[in-house]
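Down below are the structures I want you to see.
In the two assemblies presented below, chain A is common to both, partnered first by chain B and then by chain C.
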Partner chain A sequence: MITAEPASGPIAETEPGRFREFRTNALWLWRYYTQFMRLAIITQFQYRAANYFYMIGMIAEPVVYLVVWSTIARTNGGSVGGFTPGTFAAYYIVWTLVRNINIVFTPFGWEQRIKDGELSGLLLQPIHPIHRDLAFFAGWKVIVIILWLPIAAALTLIFHPSLSPTVWQCVVFFLALWGAYLIRSMFLWALGLISLWTTRVSAIFQAYFMAELLLSGRLVPLTLMPKWARSLAGVLPFQSTFGFPITALTGPITDAQLWHGLLTQLWWIVVGGLIVKLMWRRGIRRFASVGG
Partner chain B sequence: MIERPAVRVQSLRKAFDVPVRQPGLKASIGALFKRETREVVAVDELNFEVGAGEVVGFLGPNGAGKTTSLKMLAGLLHPTSGTAEVLGFTPWQRQPAYLRKMALIMGNRNQLQWDLPVLDSFELVRSIYRLPRQQFTDTRDEMIALLELGALVDKPVRNLSLGERMKAEIAGALLHLPAVLFLDEPTIGLDITMQKRIRTFVAEYNRKQGATVLLTSHYMADVQALCKRVIVIDHGTVLFDGGLQRLADEFGSTKTIVARLDVADGEKLDTYGRSATNRGDGTWSIQVTRSEVAEVTGRLLAEQAVVDLTIEDPPIEDVIERVFSRGSTPA
Partner chain C sequence: MTRPSPGWRDPDRAGSLRLAALFFRVGAQNELQYRLNFVVQLLQSILGVAAGLVGLAVVFAHTNNLGGWSRPQLLVVMGIFLMMNGITQAFIQPSMNLLIADIQKGTLDFPLTKPVDAQVLVSVRSVDIWQAADSLIGLIIVIVGLVQQDVAVHLVDIVSFVLLMLMGTVTIYCFWLMLASTAFWLIKTDEMQELFQGLYRTGQYPVGIYPGWLRYGITFVVPLAFAITVPAEALTGRLEHLALVGAAGLTLALLVISRLLWRKGLQRYGGASS
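Take a look at the complex of A and B:
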């Protein structure tokens, strides 16, 4: 049998210097992410049919919004709040991609994760469990994007979106998609961590999702919301997860607004990360590991 | 120089606050305003040490505090009070350097990727534990050979039987070659052959890696095959800590003399010891107290035509049961 390395082998421990240690850790994390994303892709390919039906089911929501708002626009002389049926179509077709990229580990999964003892297993590994979720769902996105393309093509043929983004908008949109993914991951992880304090937290989750639905641009573009709602949305993270990425591509939006949007996303990623860190540190002390 | 123990536990205590509520509507409404809890002490003033490379059986009835203790030592639970040190680390600080050196294997655990072939899960373990490619490949192949996993590793985990999955779980948990191994009922639910294979594997791992092993099991065959020393706990405290033989000596009040005679004579053997049972073919089992062993054996050899004679300890299950029922270490 092979003998373990004397120092049990972490590369970082054998190389002096903070920079080298940082570089080694970053490289290791990168390898972990790519490995886990690869496994997520393999896993989700096995469930491609289920994934497809799930996505088709999911487009019902934006299509309803789109039909309703297009009808309102037409009856309102061709536009409402600056949105025409074409720009509504662009908004809600991009919405379908943003929504899929926004799928992360839900707080409901936390209840199950604790009950089944899965969290105990994750705690035994020398890596923070959030990396597993981030890597897994990021890998899943590769499948999501592949499956989304024909859906987007079909929606485009049916609804004729008006969309003419600049290259810079496309770049920001790409960055904003992953920013939205990270923000939603952090906040839903933090929400899920409440499960470490109490076992019945579904009501809290529902309240969060309701606020997100109304104040993110998911239900309706925020520019169509009353002023007080827009002001409220401005100080909450939801807009950065739906409204901003969508508008970054569909416009109208200025370069300054694009930069502001990206920086706001960065702010919420940091805030979310700090909340997770704090809750994790406190919550894990309470963990009873009853599930295994 | 005194060697530092691999595991040191001092005054370890873990108490859980469990919500309690009386049945009925009134109590249910009352609980909305005042939540009552009861303290349940799972581990109470636990003290023991385990030397590097030792294999120790950690025994006790259900609810004795075995799994809670192991979970604290593995860093899953924070204790209410007390200290523990494993390989110089405080387990519940969960430092990555510590987590890379230990493994906790539980019989009901599934850490493998359910939808993927076992080999893919092993690859993930490699990236989690930062294992160099060559070391990983060599260890993996050796584990596969030792646990006879060859035909299984390319199957999705969901298609494996319980025993097959357990073998794969064990291999996956040991790919990083942990120096300390906590095994919680590793053979639960497995058939005899699979139990034996896992026992052999653990013994081999301990021998070749010099790993420290703390094992809980309700199967005494596991304990007898692997552990020279046992720690018996109940209600979270140590009732006995010592060698298996000493356990039998101190708590096994009787011994069994098995004698095969040239001529069977049941009438006469009834006068030996507390009771005698004819097993057939001239073989008799005679129950004697420990103090009677020498005298009865001497009489048997002098008075009977004995062809073969052995002196057996009582089954370890009986001894352990006696420890539980007595509830304290004998003076």
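Take a look at the complex of A and C:
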């Protein structure tokens, strides 16, 4: 077979040519991502004060939970459901990092994207627009983590967390952070896409966020929730975006549970990706029909 | 009797109040056209309350009192938290967000050129009446909590409660005005709302459960203790008379401080044309 020549004519359809095409695409996508991440870093670095305001507002939430549950642990003679004030502190301080990582493009932003015509611009790009959001928010995380460090240090000094993860737990935690990021990006994107069908989305979003609050480990470690809530959480994606990454680092967790958690994340990334793909394809058809 | 200075320089307070009432009425009438929004908002409030109640249920599945507060009494706190939230979101926050946007865009010129006190005008310009759905549900929860608790509530408690709620509303307004005024210096302050709402969450529980430094912070820096916990104390038989005096003092102090900060910020305002 004569396949040594690069993409030209029908020869390009053979295997090596296709591989080359894939490699060029992957390289191109990589450049696209790194460029957008850099853009995000530069943009967000200008708004340090604004980023801090946002973060302080966000930190208040876990501090409330932490104080409430530490109080309960103390009234119960030192621990509740296996948690001491120290392990609660670890849980909710790690919570702050997980939360910072899993902040993604808000579904409430879609209304504006549609109204301002920004969506039309996105449609013109030769690439699925979710890549832009994924890249931009991933870049933003660099700034977020830098700004988070002093807050984490302060919280550590105040609340004395007891945390002693193994190296393997740290590795899984790192992977799980980005797994959580991807899952939450996809699901909130899909949620936001509902705006293409109806303008009264706020109650739907609210219902979603309430379910997430209760069934993810965001409000309270899931082990403290009643059994029915835990079984429900087991079949929903929320746990993969809060409870699992947090517990991966704070423990107590077995190796089997770590693997199971990672695989579950992978499953939800695939499911989320498919939902986005399907909704996007149907949604833009609707959008075009409204606009044209 | 003639006035020494023209009215627009030194507006009489009755005029300001009339103006505020007028703006609220127009704003409310505007919103009342969109009835379905009320249903949506009510649904959202109910969802929020349901999550709050589940959270409280989880807490009380593991304990029978939180820092000395029984379950019905924490319901009272939660109800007041919601009432204040509704008032803030309906009557305070919309105008403050508009103010921040105007400072950013340089369009604050318009309210500044009107012949009334600018602070009054920027504080009453926008109303989001449906957000008050939270207040309605909050009131119901307060009543449920009061019926369930085993402390008798007297008329004097209710009067103190109403007074404290009024003062609490004023303190939250002052705090918001101070937050919004920072836009004169910081310009990009879209995150103010997030900041306020985050800090506001701490009011969900009585301040007594927080460690000392934080308790101090949400009493005097962010005046949530006097806006939520202290009114709840009035209804659960814990109020000390000194707290009423303290609330009045703090309200007055914040009124003066926020006014000064607003004035100082206004001096920095460049306007759209400069």
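Basically, the second predicted complex is superposed on the first by the 271 of 292 C-alpha atoms of A that agree within 3 Å, B and C clash if a C-alpha of one lies under 4 Å from a C-alpha of the other, contacts with A are read in each partner's own complex, and residues count from 1 in each chain.
Definition applied: a residue touches a chain if its C-beta (ideal position, glycine included) is under 8 Å from a C-beta of that chain, and two chains touch if they have at least 3 such contacts.
Bear in mind that the values here come from a model prediction, so they are computed numbers and not experimental data.
Colleague: Let me test your reading of the model: by the given contact rule, A:226 touches which partner, first (chain B), second (chain C), both or neither?
Modeller: Second partner only.
Colleague: Look at A:270 in the shared chain and tell me whether it touches chain B only, chain C only, both, or neither; answer first, second, both or neither.
Modeller: neither
Colleague: When the two structures are overlaid on chain A, which partner does A:120 contact: first (chain B), second (chain C), both, or neither?
Modeller: In the superposition, A:120 contacts chain B only.
Colleague: With both complexes superposed on chain A, which partner does A:285 reach: first (chain B), second (chain C), both or neither?
Modeller: So A:285 only meets chain B here.
Colleague: Given the touch rule stated above, what does A:36 touch, chain B (first), chain C (second), both, or neither?
Modeller: Once the two structures are laid over each other on A, A:36 reaches chain B alone.
Colleague: Contacts for A:149 in the overlay, against chain B (first) and chain C (second): which applies, first, second, both or neither?
Modeller: neither
Colleague: Look at A:28 in the shared chain and tell me whether it touches chain B only, chain C only, both, or neither; answer first, second, both or neither.
Modeller: In the superposition, A:28 contacts chain B only.
Colleague: Using the superposition on A, tell me which residues of chain A are in contact with chain B and, in the other complex, with chain C.
Modeller: Chain A residues touching both partners: 47.
Colleague: Using the touch definition up top, name the residues of chain A that touch chain C in the complex.
Modeller: My answer: residues 47, 49-51, 53-54, 56-61, 63-64, 67-68, 71-72, 75-76, 80-81, 158, 200, 202-203, 206-207, 210, 213-214, 219-220, 224-226.
Colleague: Within their complex, state which residues of chain C touch chain A.
Modeller: 36, 40, 43-44, 47-48, 50-51, 54-55, 58-59, 61-63, 65-67, 186, 188-192, 194-199, 201-202, 204-205, 209-211, 213-214
Colleague: Going by the contact rule at the top, pick out the chain B residues touching chain A in the complex.
Modeller: 16, 71, 74-78, 94, 96-97, 99-101, 103-104, 106, 108-111, 113, 115-116, 120, 123-124, 126-132, 135, 138-139, 142, 146, 176-179, 204-205, 208-209
Colleague: Where on chain A does chain B make contact in their complex?
Modeller: 1-5, 8-11, 13, 28, 31-32, 35-36, 39, 42-43, 46-47, 117, 120-121, 123-127, 284-285, 287-289, 292
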